[in-house]
Amino acid sequence: MKIKTSAMYEESLRNLSPVIYYKGKRINDVTSDPATAPHVRAAAMTYALAADDKYKELATATSHLTGNTINRFTHVHQNIEDLIKKVKLFRILGQKTGTCFQRCVGFDGINATYSVTYEIDQKYGTDYFERFKKWLTHIQDENLMVVGAMTDPKGDRSRKPVEQSDPDQYVRVVERREDGIVIRGAKIHQTGAVNSHEILVMPTVAMDESSKDYAVICAVPVDAPGITMIFGRQANDSRRDNREDLDVGNPSFGAVGGEAVIVFNDVFVPVEKVFMNGEVDFTNDIVYRFAAHHRANYGACKTGLMDVLTGAVSYLCQVQGTAKASHVRDKVTEMIHLSETLYSSSIACSAVGWPTPSGAYMVDTMLANVCKHNVTRFHFEVARLALDLAGGFIATLPSQYDFKSEEVGHMVKKYFSGVTGIPVEDRFKIGRLIEAMTGGTAMVESMHGAGSPQAQRIMIFREGKLAEKIKLAKTLARIPQRKKQTKS
Amino acid sequence: MKIKTSAMYEESLRNLSPVIYYKGKRINDVTSDPATAPHVRAAAMTYALAADDKYKELATATSHLTGNTINRFTHVHQNIEDLIKKVKLFRILGQKTGTCFQRCVGFDGINATYSVTYEIDQKYGTDYFERFKKWLTHIQDENLMVVGAMTDPKGDRSRKPVEQSDPDQYVRVVERREDGIVIRGAKIHQTGAVNSHEILVMPTVAMDESSKDYAVICAVPVDAPGITMIFGRQANDSRRDNREDLDVGNPSFGAVGGEAVIVFNDVFVPVEKVFMNGEVDFTNDIVYRFAAHHRANYGACKTGLMDVLTGAVSYLCQVQGTAKASHVRDKVTEMIHLSETLYSSSIACSAVGWPTPSGAYMVDTMLANVCKHNVTRFHFEVARLALDLAGGFIATLPSQYDFKSEEVGHMVKKYFSGVTGIPVEDRFKIGRLIEAMTGGTAMVESMHGAGSPQAQRIMIFREGKLAEKIKLAKTLARIPQRKKQTKS
Amino acid sequence: MKIKTSAMYEESLRNLSPVIYYKGKRINDVTSDPATAPHVRAAAMTYALAADDKYKELATATSHLTGNTINRFTHVHQNIEDLIKKVKLFRILGQKTGTCFQRCVGFDGINATYSVTYEIDQKYGTDYFERFKKWLTHIQDENLMVVGAMTDPKGDRSRKPVEQSDPDQYVRVVERREDGIVIRGAKIHQTGAVNSHEILVMPTVAMDESSKDYAVICAVPVDAPGITMIFGRQANDSRRDNREDLDVGNPSFGAVGGEAVIVFNDVFVPVEKVFMNGEVDFTNDIVYRFAAHHRANYGACKTGLMDVLTGAVSYLCQVQGTAKASHVRDKVTEMIHLSETLYSSSIACSAVGWPTPSGAYMVDTMLANVCKHNVTRFHFEVARLALDLAGGFIATLPSQYDFKSEEVGHMVKKYFSGVTGIPVEDRFKIGRLIEAMTGGTAMVESMHGAGSPQAQRIMIFREGKLAEKIKLAKTLARIPQRKKQTKS
Amino acid sequence: MKIKTSAMYEESLRNLSPVIYYKGKRINDVTSDPATAPHVRAAAMTYALAADDKYKELATATSHLTGNTINRFTHVHQNIEDLIKKVKLFRILGQKTGTCFQRCVGFDGINATYSVTYEIDQKYGTDYFERFKKWLTHIQDENLMVVGAMTDPKGDRSRKPVEQSDPDQYVRVVERREDGIVIRGAKIHQTGAVNSHEILVMPTVAMDESSKDYAVICAVPVDAPGITMIFGRQANDSRRDNREDLDVGNPSFGAVGGEAVIVFNDVFVPVEKVFMNGEVDFTNDIVYRFAAHHRANYGACKTGLMDVLTGAVSYLCQVQGTAKASHVRDKVTEMIHLSETLYSSSIACSAVGWPTPSGAYMVDTMLANVCKHNVTRFHFEVARLALDLAGGFIATLPSQYDFKSEEVGHMVKKYFSGVTGIPVEDRFKIGRLIEAMTGGTAMVESMHGAGSPQAQRIMIFREGKLAEKIKLAKTLARIPQRKKQTKS
């Protein structure tokens, strides 16, 4: 763990020189640019907890490769305890940042790639697994942040990669050389990309033989030649960019993951950092293992966020004098209930985890998909309840400039005061925090991060073991188990 | 109808001089300031339709006071047909603006005040009704926009007006003079306030004898001495303020109603514009009649918005090549189903409307409350489904500056293209429209506009005729109808 | 109205001799057999209200054919007022029976056939309309109960009528004679069939040219030669059959519609009672008009049932001492809210009804489908809430034999008593009523009566005017209305 | 494990002589009476699996008291693995019976009493724990079935035990003797009571000093003098009682737990079987520990039931030819999704279980309550979806007597056939199974078993750590952590 503190993490980012555009201009230093700095601070929390005695046990692990103490975010899960510790860690990180801390994407990419490269080698006699372990040892030793880059633009979604009119709509190998490969294409929605050290490229869908050039896993540094990132807009980003500390809501940390498009304009990847190259029959595994790990996380980090939101709303109700109303308590109860329902699936898919042939542990696929799928419903309902309890002022509150204005500041303060004895600033601050956590970008991420709802439904149906369930029903109804009809 | 067109409406606003602050500065011309102009344009649509042959029948009415053709927004409903025409008009206005056109608040205030002043006079021998008709004739003749000002700041919500440590947390009469009254306090969440001509002040809760000074209905011009407005922040308002035509989503019209705080710093109101002054026993009626009319509207205008959203999402799915997937069709079906469920209650509460003693028609209170209550659920679900179908790019799309950038514009366009043959701009525009209609301010307004959910539940329980329902059940179960037990 | 009272209705049934089987035996007199008598009594209520001064205005109408006063259930809707009166009447009938009063199926069949036969004649120069009016005049004059027979068994549902391995899975014409036709097949789920006078056979799906023999509308008496009915099982039917007056829950009226299978074993229908014979291009109209009328009803009658259920639960909470708990009030509020939401769509689809070429009024198809679709959700939720509030004793209460037992009756009474002063019988009776109204058959009917949920979704999508909605969105987003892409 | 097989279990029941009434008559042999035998068979499955090599590992455990192999249902959880094995076992039992296997109530009573008696002794120097271990050793050695008797009738629920007009509405000690105590009162909703060997009486609410006589835990055999049981009615119980093998749906096993009222008419309990006697300060613990264990189970056994239901519906859709329709697959997916969501909480509350001072392991209280609470929603939704897919014939299907009838059997078979090649009997059987699993009693049990929904909400709010959550929110919003305001 060469990078030991959040300060060192920020320092390390300043030593890189990625090409990042935002609102038409280059960002030169992600640690100081107001657009990216709050995201850097959120990711930095993953370094900070590892250095904090209170959280060390959760935030670090012992490398099975080197025996060294490493940051958990660079670890390969060795058992169920590892999986559960991850869940507990993520909830705490969610509670401490109120947002996305980004680093799980690479974490999950590492774990998925680890087990899949092992199995590719078993089948094809390749040496991807050894290459990968070497690269991973480096990541662990240095304590680097990795962005797991999966989602391609996809163009016309009714067509496969090779059927697109523009063949670059999925990242592909455009040249194969002795010493490596050249890739072209883009990855979109890349959480934490601008403040990572390394990119782990993975395919985004299960592919068939027609798509050999698209079946590629490899790693590249974020500032490799040919890479351009474009940082996306978010809800109310100008408040952040203008350093409006009061109106921004969560003044320390960014909204979700600071997503960017990563464009690969013919980027060279040396052979030792290529971990899949045309083995299309393993694309299904890499996608679904990554997805399962990633979906499992959402019941942990988002529960952390909902803990914050529940606290924020409860406090606001105290400020407004409504905390003891029976309908308020009932809605707060519902918020907690839904949060803990989500958390249940994160814990559960870990508790019934299983070892892959490589020794790396996987979460239960069914329960991980169930977990994320509920996020796409319950996070919205929790946000809706929060807005219900918060009241309309979330949408009509004057700006901080008015709050501090000589002309109208006193009126704003007078007419937005609440229960006697609580400073009116509290109401503004907590209101803005709720606004930031319930609107726009924050919710979209819950919907689509780790895969859109339909992606989970497909997996849930596939893993549903319908034939077995039909047998159970027939047995009880005393229907003979004939051979033919158990397709559905 | 002196003001005949939207241009004349804008002109008329330029002749007023209200004191309006926004982000710490004064707004001098609401028709040209980028913060307020889109809201002016939305309200202007209520003038435009009245001048459009296609919509005239819905958008105008015949005054029962003068026999003249007037803008429907200044009309007192004379029958069920009027109520239903209002509903149809509002859906069309929602479809044409994709947002709040603001003018219904005053419309509902007029209708509630009309019938209540009639009944006050009947009981107390006052002459409020005559005063009100005179004022209303003026409003109709001039075709003025009125903001119905009801919601007080309320301070500590567990206390009544007189129990507040600051007695100004509800608007009150601080002086009674021969020629009029002086009022102090504030009204918050005031939709359309900055671009109205006249304010109709009404009490916000049912009050008892202790609150005589707070039981006041009166009208004042928006630029009366002592009035200050502070215009609120909204989600992504900087995009609007910076005239970012692509990123703003709905480039013509504002987000919801352009809400403002109206502060009354000892404002004088001449006696002929005072319509209630201490008759606390009618505060219940004014509040619930206004609320019923207003809640009835939400199933109309919001359905118009959801029509737009359904269309937007359907088009985006065409762009992305997913329009024919069965789950997409199913979700679009659900969006339509929920929208039409809302619309049903708007129509229904009108179809079973009833005449007040004054002759003005009221909607059915139960169904009007049911209508609004469903908005606080189904609009959120419709938005959630829209975000599901739209995909994650709503939250990660680069800005219009990147789209137009020389350095990265071509990459953005390449990697956000969809089905061949549809311009990539379409995807940006429709995506941003969806973003604008589903996040933050837009949703909060659906929750709290016309009253928070709990307000509707109280009315629904109160109007539920439980004693009668208990009788029905007892009859079927052959339980004798004894006298005592029918309290609940 | 030859049949003027419920007694005369029962008498008229005794003059018929339909072949009805139930639990393996023939039922000889439906008015006295314990299995069918409660259903007869529910249908009889449609006669009783027409004779009751209090309800006459809703329950009767003036025939547009003869000018005579007729029972509304035999009327062709002449205007919106007729449609709304029907809705109000049905809610009252639901309240008075707590169950299905069955007669609406024929009522809707009459209305659908009326307008469709008119249009067939316009196109083909046939004389179905005149035949139908003659038949209808007879129905009106006699005040007969008609069962609208639509649902065929359908066999393998992935196949069309002609593709079935057994061609009789849809009712079809097996012989065409000079003086009439011979039909074969069956209609299932036939509400009120055993206590109707006449059967109106209609096709169950839209058909193409391949299905000419299946495109048949005609009328036959219930006791025509070749007809056999088999009466279905229901939840807890033995309590009804054994006349267990306490345990049956609703001792006067049956559970839902007393559904039967009607088998047509080569039944002859004279030519003057044949109203469609091969005009496949009108099968779509007959199905969807009937369905629209029928779906519109469900928001009326079921709301009546939910009124009873809400009253029953409220009373039970009084008995148990929980009526004032805040969560109880909140759940009762929710029950009312959902009921009135359903009612809204019934009223609304009537209020925006429209005249067919024949002059008969149709409800709005979209809103009628929305109405029924919500029944398939909200009736279940209302029942769930009722069971929540009722408590577990609904499922564990000892039988009436134990209640009256010498050995254990005193224990049962002692330990199921509630609030002092309310007889313990009340708790039993109201509990059993809730049980009867929330379990099994009652709920299945809400799901599938008037068409299964997916049938409504198909109509909602079809009527959703997506192309228009896309236009609205494009206009707001300032996207040019190009020609090509508006398919979805 | 003296009782080694299900046959031996049945034999052991025949050696007891409890006083049981049902429908006004005594039941003499629960193993042969058609009313109780199906329940006996379901409970017998807990014996059968322990004797089955395939399930032994889950169904047995090693006693920490004796080191012997015991039936898991008599075990005290020693670690998290025990808790998780229980969950897995219960799901399998649900799958194999399609209903309640009853024995978990005593299992949970044992575990709650074990840890609480330990703590009472620690505080008061009593010897309840030793007495309890002695009794438990006997239960383990004999392998007895214990009914955990908690729910009192409660009379007027707005009053405490001592405030009731009849003091027997909660079980109480009416006499304290040297050698034991005499109890009076009743326990209602007693799952498995009629086929258990022993009753473990526990208090049903947290009590204060006023209720010392009501704070009693003790064990008595089911046939102790003074005990009378009254077996409750269930949905369609006559089909079971009349041995209608086809119509009953689940021909082998009963509907839910065969609940009975247990009346204690001054029953003597010897001192060595008294485990609490007046220590009111521990009533809270016994209630909430029992409840937590019991609520945890519902996500396991009910998931097993839903597995069966999902299979049944899937098969029925094959029979009807609809299995491949996209909406059918989507609804099946939803059924699975909801089932697995429930299962998640059962697993999760076990995986984060914790040791009590006695060494016995508890599940996490929050997650266990969340688990049960979701059952009260999702089981209903799963049932609703099942009924949607099954179709209306569930409610209208003729009886088995008609199916077998000479006169009409051929018609019934002809018109209820489905896809060619699948016997029509299959459709009947699977339809009846779905009917049995979705209506009436089955659903009520999911609602109220292990506590009504509001009981869970109270716990969820109480365990919600709101003060901590408020702190998190304040930290992020940069609000100082002042002392006073953190009550809510």
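To keep things simple, chains are lettered A, B, C and D as they appear, and every chain counts its residues starting from 1.
Operating definition for what follows: a contact is a pair of C-beta atoms (placed from the backbone, for glycine too) under 8 Å apart; a residue touches a chain by one contact, two chains touch by 3 or more.
Just so it is clear, the structure is predicted and the values come from calculations on it, not from any experiment.
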item: Clusters that remain linked by touching, chain C excluded; value: one piece
item: Copies chain B and chain C touch via same or different residues, half shared test; value: same
item: Centroid spacing, where centroids are CA-atom means, of chain A and chain C in whole angstrom; value: 51
item: Inter-centroid spacing, chain D versus chain C (mean Cα positions, whole Å); value: 38
item: Two or more partner chains touched - positions in chain B; value: 324, 327, 330, 457
item: Arrangement of touching chains [line / ring / star / complete / other]; value: complete
item: Of chain A, residues touching chain C in the complex; value: 326-327, 330
item: Footprint of chain C on chain D - complex, ascending; value: 21-25, 151, 153, 155-159, 165-166, 168-169, 186, 188-189, 228, 230-236, 238-239, 242, 247, 256, 259-261, 263, 320-322, 324-325, 327, 376-377, 380, 384, 387-388, 391-399, 401-402, 404-405, 407-408, 411-412, 414-420, 435, 438-441, 443-445, 447-449, 452-454, 457
item: Contact footprint of chain D on chain A as seen in their complex; value: 84, 95-98, 249-253, 307-312, 314-315, 317-318, 323-324, 329-330, 332-333, 336-337, 340-341, 343-352, 366-367, 370-371, 373-374, 421-422, 425-426, 429-430, 432-433, 457, 460-461, 464, 466, 468-479, 484-485, 487-488
